[in-house]
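What follows is a pair of complexes built around chain A, which joins chain B in one and chain C in the other.
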Partner chain A sequence: MSGAGSTDSAERLLSRLVTMLAFALPVIFVLVPLAIFLVYSFFSVDQGTIVHVPTLGNYARFFTDPIFLPVFWNTIVLCVSVAVICILLAYPAAYFLTTLKGRWRYALLMLLLVPLLMSYVIKIYAIRSILGLNGFLNKALVALGILDQPSTLFVFNMNAILLTLSLLLIPFAILPIFLSLERIPQTLLRASDDLGASGLQTFLRITLPLSMPGVASAASFVFVLAIGDFLTPQMVGGISGFTFGRILYSQFGTAYNWPFGAALSVALAIVVIAAILVGERFGRSRGTSV
Partner chain B sequence: MNQNTDLLTLRSVSKAYGTVPVLHDIDLSIRDGEFLTVLGPSGSGKTTVLRLIGGLEPLTSGEIRLDGEDISRMPINRRPFNTVFQDYALFPHMTVSGNVGYGLSVRHLKRTEIARRVGEALDLVQLGLFAERFPSQLSGGQRQRVALARALICQPRLILLDEPLAALDLELRRQMQEFLKSIQREIKTTFLFVTHDQEEAIGMADRICVMQAGHIRQLGTPHELYYKPNCEFVARFFGENNLVAGKLGPVQGEQRPIETALGRLVCSIGGQPHLKAAPDGASAFAAFRPEALHLADATDSGNRFSGTIADLAFAGSSTVATIAAGADNASQRLRLRMPSRIGGSVLKSGETVSLSFAPHEGHLVLA
Partner chain C sequence: MIALPRPSTIFLAAITALVAVLLYSPLFVPIVSSFFTISHGNVDWSSPTLSTYVTLAGNHEILAALRTTLIVGLCTVVLSVISGTLLALYYHGRRSGRSYLQFIIFLPFLMPPVISGLALLIFFREIGLERSLLTVVIGHTVFVLAIVYRTVLMRLQSMSRTLVEASYDLGATGWQTFWRIILPNLSSAMIGGAILAFALSFDETMITILVTGTQSTLPVRLWAMMRLGFSPDINALVALILMFTVLLCVLAARFLIPRQMATERN
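Then we have the complex of A and B:
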């Protein structure tokens, strides 16, 4: 009797421990670092050492210095553009996938997702060589007679970042859109046909609205991944392609101003959280299940 | 709306998926304004018939004629038919009125006109108060009625219903049966109703088309199917029946005897020339309904046999006895249904009794 009682309480202890661990891991590895960042953003630096006295100086600098706000804003515009381009390219691809039958559908989907398995840096190098002065893009445009001579328009500037990020992040847009398209019951489309709608009407009034949750999550995925990226702008952005991620990186890497870097991170985190919330809000459409 | 003119005709329609045939040479005429039920077990091809008519699937061969005109190749969105789907297929992102008005708005009708007709349709299905709800906020029966309103608002020549009541519970299903029938009478539109439930079919249909294994087995009124089934399948599938195998004897006017394990049974063959024409000695079944079987009394001269009551089941208004009859009172199982009485059944389990049915209540089915 007492033996059974003790195993019972041991089990209960174990399960409580597992529960605590499940909560502790994200708290220790996600929330605590975020909190530390938040705390550091209120400190300052003097002669290379951190002064542990609370101040709003970092935030004041962010809002008053003529450099940071414009770059911040330009970066947001850039990442929104990347998201829009990715959606525009990914939607037709995902739609095409859902028109395929059985095995082909998933084989092709896997092919589209293969780039995710490749090293990020190698992909950037590859894209840079495509966009460069002697790259495939320039050669093709010259050969087609669209350009007289190779253009420097596509590399080491904002355009390069836009194109590279879009290419890198398209798979992240295809997947959620494909999944939301695939989840639309075929009988809804047949019902629309049956009620006299043309193919275009069925697409615009049934397929498109019902795939919006996928589009919303795709957009927020791409935006969040793009805005957090500092490596791509560093490698293809040159001097003119200056993004917020690069400034952040330099605060930690070269300027050794951790408190100011932390304050910039907090600003970025707020945008990211807002983007995720917006994506989530539109991702949950009203009563998708019939 | 003359029930004697044909609205839609299927002529030797066949359908195969790949090399697997599902419909063989179907001929079927649907009369204008009737409530026609296509009844069959699963895999009989009944839903395929509906899908071919609706244009959801192409035919493999044959033709479908509407008012004499071939529409086999007409695309789905031009056919003047609307479907009530089995799972309703309501658009989840539209309100009830958005769903109901869909068929009109894709035809670019004026908003005021759409609103007026949506209001009428919703009143007809008694959902006027639910216009601004979303499908996810409705019960099964309400969704069902939205699907019906959405189909009938386009004033189709034919409404196709694909087992629309299958997902509802028994009580709701009964209500919806009556409701569908009353709507059909009110709007005088032809209904083609597909179901596997023969009680549902009896309750609603003007005519029933029984299908099995891709063939139409019999087409007729519920009364004809119940009392004059033309084959063993219909006799067994449509309502409870007693079938006793045997060999046909010589025709005696409007009756014909059959030699069975229960002895010689005389059955009516009135109005069925194929039963008269069948040769003597042909294999056949004597078919009689459980309610036609009764305890024999002195006035019953023919169709008498004895049996042992194996089981007695009280089923509310009636009592059903399972009877072992034939050789050693064991070879043949029969059912007898009689009205229940407050004082308890006159039958007793284990008792051997003498049974009979009247020749005019017996029927022959060729094997």
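Then we have the complex of A and C:
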């Protein structure tokens, strides 16, 4: 940094380089792969090699084959159920957090969020052992007299996927709901109280509507994360728990049909984008953005 | 919140406790099993042991996977912090085209990992890049970039413009302003972003499974082992990783939360 002139030209060079990188990085590593992926969905496979001739065959197969649409639909229903379970558990917990004061509030929030950062694979494995025939859940239900003998109802089927995904994704529902509850102005609640509303009325007419954006974000987070997961169904779903993520993944492994897998991914992407847009739309309304 | 009547507080507290139990029970299982033997679902509380930790020290396969994970994590952190900070600096204060590029950066984070992973898999194949640790690092960087970018951008936006203006008024060059004013102000956001990036990379499984070559990271190794069932020393490893993760969380919170809460108060 001796002369002003050389610094200037170095700076200009650097700023040009940064400009180039700022455009090139996202385009090369995100947009181009996604574009190639989309193009692949119009290719086909013949005896193990990919035929680079555009066709709508993959999409036709997706819509006409009796396997794919039902699995697709069941998976959507499953993931909506996961979102509902997560919200039913997360909402009261998030509400409880906002009733706490200062330090405790954030300490407990951290406590409920920390499990997110713990190994996903290990959590799935542990949950499977809890749900299994010799697992803790069956032991507890038998001990409580709810079941006569251990049941296989909770592992290697759709129930298992539902329960496991819900357990894994609850923290993703807690955070947005907590944030939207925390942003409700206290004055509104006091005003409602002063005007003679009961606690329940205040909750139903003030708190609940104002926290809906958080609920919408939570639902869209959980749904998107659940529908894209192929590890959990693979691990706890057994033979009967077949989800769309698993079918998709198998196209790149055992079935070895990349173009068809790409077409299935496009279908998945459309659902995901719709979920994100819905979450975004309702997550932003009424001025309490999350 | 206004004070609630007692019964509803108890109800809410009970649900919160239930949620905490649900969230922590899957973590509890491996930790308990790392100190006690479990047979047929019954814990043998009478004989605590550290033998699992001793076995772990001799498990070269798993330690190699751990080393690979750490290498991938560090490379990812370096790449994502540099490019995330560059992008944040570039887009900050620029209107045209920013929202589109920002959207592109966020795509891999918003999209299901299976889509990002498959897109990259086909991309690497088309450009003739063999699957290896390099492709894993690229995959992880693309995935975590949004987090680093956003963390740094938020700090930039909360930074007072007057600081930069004062620096120029006092005769500093662009370089000097960058090194002495902007970068020190961003450092804690960059460290916080780096910790988050490392934590995400450390546990990333779905993209890694798709783009990895012969060398696998720890989660992928565990995933492969899980089909056959785990040996007890894996529990010891999990217990150690959990402790390490909690430490990382506390560190990340230290670097990220105090400033944010301070800016919210203002």
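Keep this in mind: the second predicted complex is superposed on the first by the 266 of 290 C-alpha atoms of A that agree within 3 Å, B and C clash if a C-alpha of one lies under 4 Å from a C-alpha of the other, contacts with A are read in each partner's own complex, and residues count from 1 in each chain.
Note that in this section contacts are C-beta pairs under 8 Å (C-beta built on N, C-alpha and C of every residue); 3 or more make two chains touch, one makes a residue touch a chain.
Since this is a predicted model, take the numbers as computed values, not measurements.
Bringing the complexes onto one copy of chain A puts chain B beside chain C with no clash. In the superposition on chain A, A:Pro209 makes contact with chain B only, not with chain C. Contacts of A:Val222 after superposition: neither chain B nor chain C is touched. In the superposed model, A:Asp193 lies in contact with both chain B and chain C. Once the two complexes are overlaid on the shared chain, A:Leu268 sits against chain C while remaining clear of chain B. Applying the stated contact rule after C-alpha superposition, one finds that A:Pro185 touches chain B and leaves chain C untouched. When the shared chain is aligned, no partner comes close enough to touch A:Val155: not chain B, not chain C. More residues of chain A are in touch with C than with the other of chain B and chain C.
Contacts of A:Leu165 after superposition on the shared chain: neither chain B nor chain C is touched. Look at A:Phe96: by the touch rule set out above, it reaches chain C but stays clear of chain B. Of the two partner chains, chain B is the only one that A:Gln201 touches; chain C does not reach it.
Nearest C-alpha atoms belonging to chain B and chain C sit 10 Å apart in the superposition, given in whole angstrom. The intersection of chain A residues touching chain B with those touching chain C, taken from the two complexes, comprises 190, 193.
Looking at the complex, you find that chain B touches chain A at residues 54-56, 76-78, 81-83, 85, 87-93, 102-103, 106-107, 134-137, 150-151, 154.
Those residues of chain C lying in contact with chain A across their complex are 1-2, 4-5, 8-9, 11-13, 15-16, 18-20, 22-27, 29-30, 40-41, 83, 86-87, 89-91, 101, 104-105, 107-108, 110-116, 118-123, 126, 138, 141-142, 173-176, 199, 203, 205-206, 210, 219, 222-223, 226, 230, 238, 241-242, 245-246, 248-249, 253, 257.
For chain A in complex with chain B, the touching residues are 185, 187-188, 190-198, 201, 205-206, 209-210, 285-290. Residues of chain A that touch chain C in their complex: 1, 4, 7, 11, 18-19, 21-23, 25-27, 29-34, 36-37, 40, 89-90, 92-93, 95-99, 106, 108, 110-112, 114-115, 117-127, 129-130, 132, 134-136, 139, 167, 170-171, 174, 181, 186, 189-190, 193, 199, 202, 224-225, 227-231, 235, 245, 248-249, 252, 258, 261-262, 265, 268-269, 272, 276.
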